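Lettered A, B, C and D in written order, each chain numbered from 1.
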Amino acid sequence: MIRAGIIGATGYAGSELVRILTNHREAEVVWYGSRSYIDKKYHEVYQNMFRIVEDVCRDDNLAELAEEVDVIFTATPQGFLAGILTEEILSKVKIVDLSADYRIKDVKVYEKWYGIEHKSPGFISEAVYGLCELNRGQITPATRLVANPGCYTTCSILTAYPLVKEGLIDTDTLIVDAKSGTSGAGRGAKLPNLFCEVNENIKAYGVATHRHTPEIEEQLGYAAGREVTVNFTPHLVPMNRGILVTEYAKLKRKADGALPAYEEIRAAYEKYYGGEKFIRLLDSGACPETKWVEGSNYVDIGFVIDERTGRIIMMGALDNLVKGAAGQAVQNMNLLFGLQESQGLEMVPCFP
Amino acid sequence: MIRAGIIGATGYAGSELVRILTNHREAEVVWYGSRSYIDKKYHEVYQNMFRIVEDVCRDDNLAELAEEVDVIFTATPQGFLAGILTEEILSKVKIVDLSADYRIKDVKVYEKWYGIEHKSPGFISEAVYGLCELNRGQITPATRLVANPGCYTTCSILTAYPLVKEGLIDTDTLIVDAKSGTSGAGRGAKLPNLFCEVNENIKAYGVATHRHTPEIEEQLGYAAGREVTVNFTPHLVPMNRGILVTEYAKLKRKADGALPAYEEIRAAYEKYYGGEKFIRLLDSGACPETKWVEGSNYVDIGFVIDERTGRIIMMGALDNLVKGAAGQAVQNMNLLFGLQESQGLEMVPCFP
Amino acid sequence: MIRAGIIGATGYAGSELVRILTNHREAEVVWYGSRSYIDKKYHEVYQNMFRIVEDVCRDDNLAELAEEVDVIFTATPQGFLAGILTEEILSKVKIVDLSADYRIKDVKVYEKWYGIEHKSPGFISEAVYGLCELNRGQITPATRLVANPGCYTTCSILTAYPLVKEGLIDTDTLIVDAKSGTSGAGRGAKLPNLFCEVNENIKAYGVATHRHTPEIEEQLGYAAGREVTVNFTPHLVPMNRGILVTEYAKLKRKADGALPAYEEIRAAYEKYYGGEKFIRLLDSGACPETKWVEGSNYVDIGFVIDERTGRIIMMGALDNLVKGAAGQAVQNMNLLFGLQESQGLEMVPCFP
Amino acid sequence: MIRAGIIGATGYAGSELVRILTNHREAEVVWYGSRSYIDKKYHEVYQNMFRIVEDVCRDDNLAELAEEVDVIFTATPQGFLAGILTEEILSKVKIVDLSADYRIKDVKVYEKWYGIEHKSPGFISEAVYGLCELNRGQITPATRLVANPGCYTTCSILTAYPLVKEGLIDTDTLIVDAKSGTSGAGRGAKLPNLFCEVNENIKAYGVATHRHTPEIEEQLGYAAGREVTVNFTPHLVPMNRGILVTEYAKLKRKADGALPAYEEIRAAYEKYYGGEKFIRLLDSGACPETKWVEGSNYVDIGFVIDERTGRIIMMGALDNLVKGAAGQAVQNMNLLFGLQESQGLEMVPCFP
């Protein structure tokens, strides 16, 4: 039985880790770290866990925790883990970091977009970017530190990856228009996240400045083999869970000026995702909907070729708390411990 | 492996049966009955099941179905099963009926409230009312026909049952004010269920005439040992899932005029529910919230004694599609086949 | 032109006052008091008022404000106005208080339910309880201080008043089950009011302890001519605006044991509300819905007699920010200044 | 007093016309046309109008109606008006058509996108495209037929118009990603519009095929002085009202390769909208939100220049039922009768 500790167990991503691990047959949560609720019963903070979790919340002492568990999930604010991570800790325990601290390889890019100094850049090169479907080979029992991708990022990258990798689209024209449920904003008591401010409303935010942008660019850059710069625009949608991305790019025309055929595009997606359990390439004409993946670890992907404009519209949907956070973190844990990758992640999407 | 057939597999209750049985280790769905979608792939009707269910929808031929499966779930309109059930069918297959056809023992009461003639009253006495926590002893491998309780009913009865049974409240004063999510209204394309009609709105409906009333009265009447007549008022709430009931009754005073103490009331609940996996009696002062049970088979119950009025306010919450329909149906199936009662029903409530 | 000042102009009730007064032909807001946003443009706090209100927010100096305006609306926390009100201020300006400070005549009751000491009980007897339809005669140009009723209270009282007044129901059996949109909880950044906590959820709160209870009891007590004690249970509903109350009471039987006829009950409502512009007694069988009154000053009322239980179910719906707060406050202002009572309140309900 | 008739008065756009005209001082509705509800009281279909509208619904006899009113609003399905419009009718009455029948000048384009034959193409050239802010000069008492723009279209065009007109953006790169509330889908009882299908969900639909596309292209083409082809992708959002568009385009660089400055872009917007009552150009950095315009005739516009990609992100928000339908129709009516353009349209946005 893998012993897991969570730092930040009372945030939404942390609580989703608890939900998923509760049904995981080979792992158990033994440390519910939450600085705000120390000594309070976890189920008093999340009453859905009443009679399921009896533990109390504990502090976020990483060194002590490293002695007690096999894997630590850090669902913490940016800079937290970077500020306290040491070689000694990593020598004792595996870490899946749900924050952005080790996602971006160029520390200057991190510091620019996040506006904070990185306190332990030495670990960045070791960290594996935990987008399992793309980097599975590097996430092994030998791996110590996984940078779990962001929610917008996972959806944005996976939706475009095969076409970028195969050189089918002009990445200079790539635009990502993303829509997210409100749980992505966290459980902090902030005015813009009040029910009455979000309900019956939609808005863009962080336009041209959102921190997930460089992460998308870096990963798609690896696929393209060249630098990629995108427009990424997130929107806040009045729903709890779910991310939908709508991506636009010019298709590269063939020598004869023709656009690639539907089958050619589909084949590219099949090439990379044909064997993937958690990526569902929808049938022709079907558009992803966030509700169809709610509560599950699936990413649904669809696309439409627009002959009139020469563009392709790619669409992807996932549950931001599952494949966009806790589900992917558990998927990474499974790989880190040599378990079946889908262990504990067989949740069927919940509709309606 | 238990072979299960569902008639009405494309309604919300039917689709929830599919979701739950997909993760059930000892049962599988082999017949997706849906008159409206015959020959259409099930996952085209419910895209959440894409790559999970490959079957097509089939008709609702009960006789043919009885040859192929071990248990049939009928998630059908009132009168459907009563109109076609025969001894021959029941001799071949067990049936869990999610409609009201066999819930009410007095056929005249059924016919009055439902406004239709009962076509097979002969089976009513055989049918067991499938409120597992109360009638577990009668739901055995020898049982052929289970009348699965209604969603409002399950919540209303379980919330008050121990106090009625123990004679702690005056049932003549019992009032049930119920609030339900919209999935309870089904997937029919009706104007009152359109998003714009339900969203940002709350209303009572079926006031003094709702069909779940006699079902509540009959079952509580058994507990009371005398006839019970209640006010039951359902309300439509702008949310997908969940039922909350708020019940009011006068507490019976003791010889000295005092009200029963908190501990006495609590002891009554513990007496009946102390060992129940799916009924969670909340800590003192906690009020149930539908979100805390969403997606799970739990019923959460809490209560407050009002010294000023001498009344007790009992509150219960459940997911109308799970414990209020499909979850309880699977719980009944487990009992019918001698499986562990909670098999396939271990879903942790999903929050947020 | 009446010059109006608002203290608490950036709360939801305060902002609704701004919305309503903006379209009022004989009044204008000249002081937007908001301690939290002093010197900030009002439309930066409420961007809906962009290009409509150019003023900046100001402090809450009641004495200074009294020099500048004809009427002050205090949409402030309990205790604020009571703590600073003086005879000198009242000699200069009329006040419509949207808090509870002067609603309850018995200061001990106020102090018990609100848990704070009343700092100026001397003004309580002077204050008129501003439920316009009932107390219109006392709200005149000679009146200086109006205690604007609470949102739950307005709805609860108006729904039952005629039947209490006419002695048609047994007030000992009166139960008020109320459901409110989330704007009633205010604009404070509190965890329970976050979108993800409220959405897809319903719960009761303040069970047997909510502060609007004694206000309902006092006013209905005047109507009954005797003390009235009720159960009042508020619920939080995932919608922005709206209150629905469902009230239950035993009808008093006639000498021959018969219940009052529908027409008799209806006549009682017509007697008191027949001429009221803002109270709409619905046609037989129609149930109020909060959406049908949204954005307007209407209260919709309906009822059903349940012959089986001998109870009447009374239902009322209003917009908690309009008739439940700002609309009624403006209605009171109109009366205080001898204007047409409906001036500025002709908003047609907005659907959908 | 202008006498107005509405055909399609019981759809959402029609009912919004009723709401707005009820408060219009120089117009009144005298004919509530609704084929589905003939002889039913209008307020039985829309209970918000109880005690406000006493009329019954009538049929959709255009010829008879033309005798009785000064202006007809047709809020009807595509093809309805084109199928029955005659010179005789137009000689008697002005028509504001909320359908698409006369919006597109090239009848072949209309027939291709709408898939129906146009039955009266002879009137297309006469019809004025009623986007008031751009075509005000052609909407005069001499005008007989106004083609009221679509909801998506109004928002999409107004958001980009000044930059297209001034040649500041490369229209070949223009992408419109639009998000709409569900009232845009109408009041038809269709499964995809049920509460449980829309709530907690977001999806794209009509990708690369939505009928508002050619309307956007035609109007922006006039501004550009050349053909414009865009990607337009609508999304369904779980809210009642509101449209948000997020538009992307490459800014044209100056001779020195520099992007236009913020002030230059702003000046272009001010040039066209500086004097417009219903278009609010937001302050630098502010993003439009649909809630800030709800219930009003405003369009809020904001923009961000992304130096990294050389693109501008333009955002616009409006209420699809007001400025996107009924409000603009009344604005057109005001122009047609020489009234003040904003008459009856002074609604302050309703928040929250």
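Operating definition for what follows: a contact is a pair of C-beta atoms (placed from the backbone, for glycine too) under 8 Å apart; a residue touches a chain by one contact, two chains touch by 3 or more.
For clarity, every value in this text was computed on a predicted model and none was experimentally measured.
**Q** Touching both chain A and chain B: give me those chains, sorted by label.
**A** For chain A paired with chain B, the chains in contact with each are C, D, in label order.
**Q** When B-D is set beside C-D, which has more C-beta pairs in contact?
**A** The greater number of contacts lies at C-D.
**Q** Over half of interface residue numbers shared between chain A and chain D means same, under half means different, so which is it?
**A** On the two sides of the chain D and chain A interface, the residue numbers are mostly the same, over half being shared.
**Q** How far is the middle of chain B from the middle of chain D, if each middle is the mean of its Cα atoms, in Å?
**A** Distance between chain centres, rounded to whole Å: 46 Å.
**Q** Quick one: chain A and chain D, Cα centre-to-centre, how many Å?
**A** About 38 Å, centre to centre.
**Q** Quick one: chain C and chain D, Cα centre-to-centre, how many Å?
**A** 37
**Q** Which chain C residues sit where two or more other chains touch them?
**A** Chain C, residues with two or more chain partners: 12, 183, 196-197, 199-200, 238-241, 289, 291, 294, 352.
**Q** For a test of understanding, state which residues of chain D touch chain B in their complex under the given definition.
**A** Residues in contact with chain B: 12, 182-183, 187, 189-191, 193-200, 238-240.
**Q** Along chain C, where are the residues that touch chain B in the complex?
**A** 173, 175, 177, 179, 181, 196-197, 199-205, 207-208, 229-231, 233, 235, 237-242, 244, 246, 248, 287-291, 294, 304-306, 308-309, 311, 313, 315, 317, 352
**Q** Which residues of chain D touch chain C in the complex?
**A** On the chain D side, the touching residues are 12, 15, 19, 22-23, 46-52, 183, 200, 240-241, 280, 282, 286, 289, 291-296, 300, 346-352.
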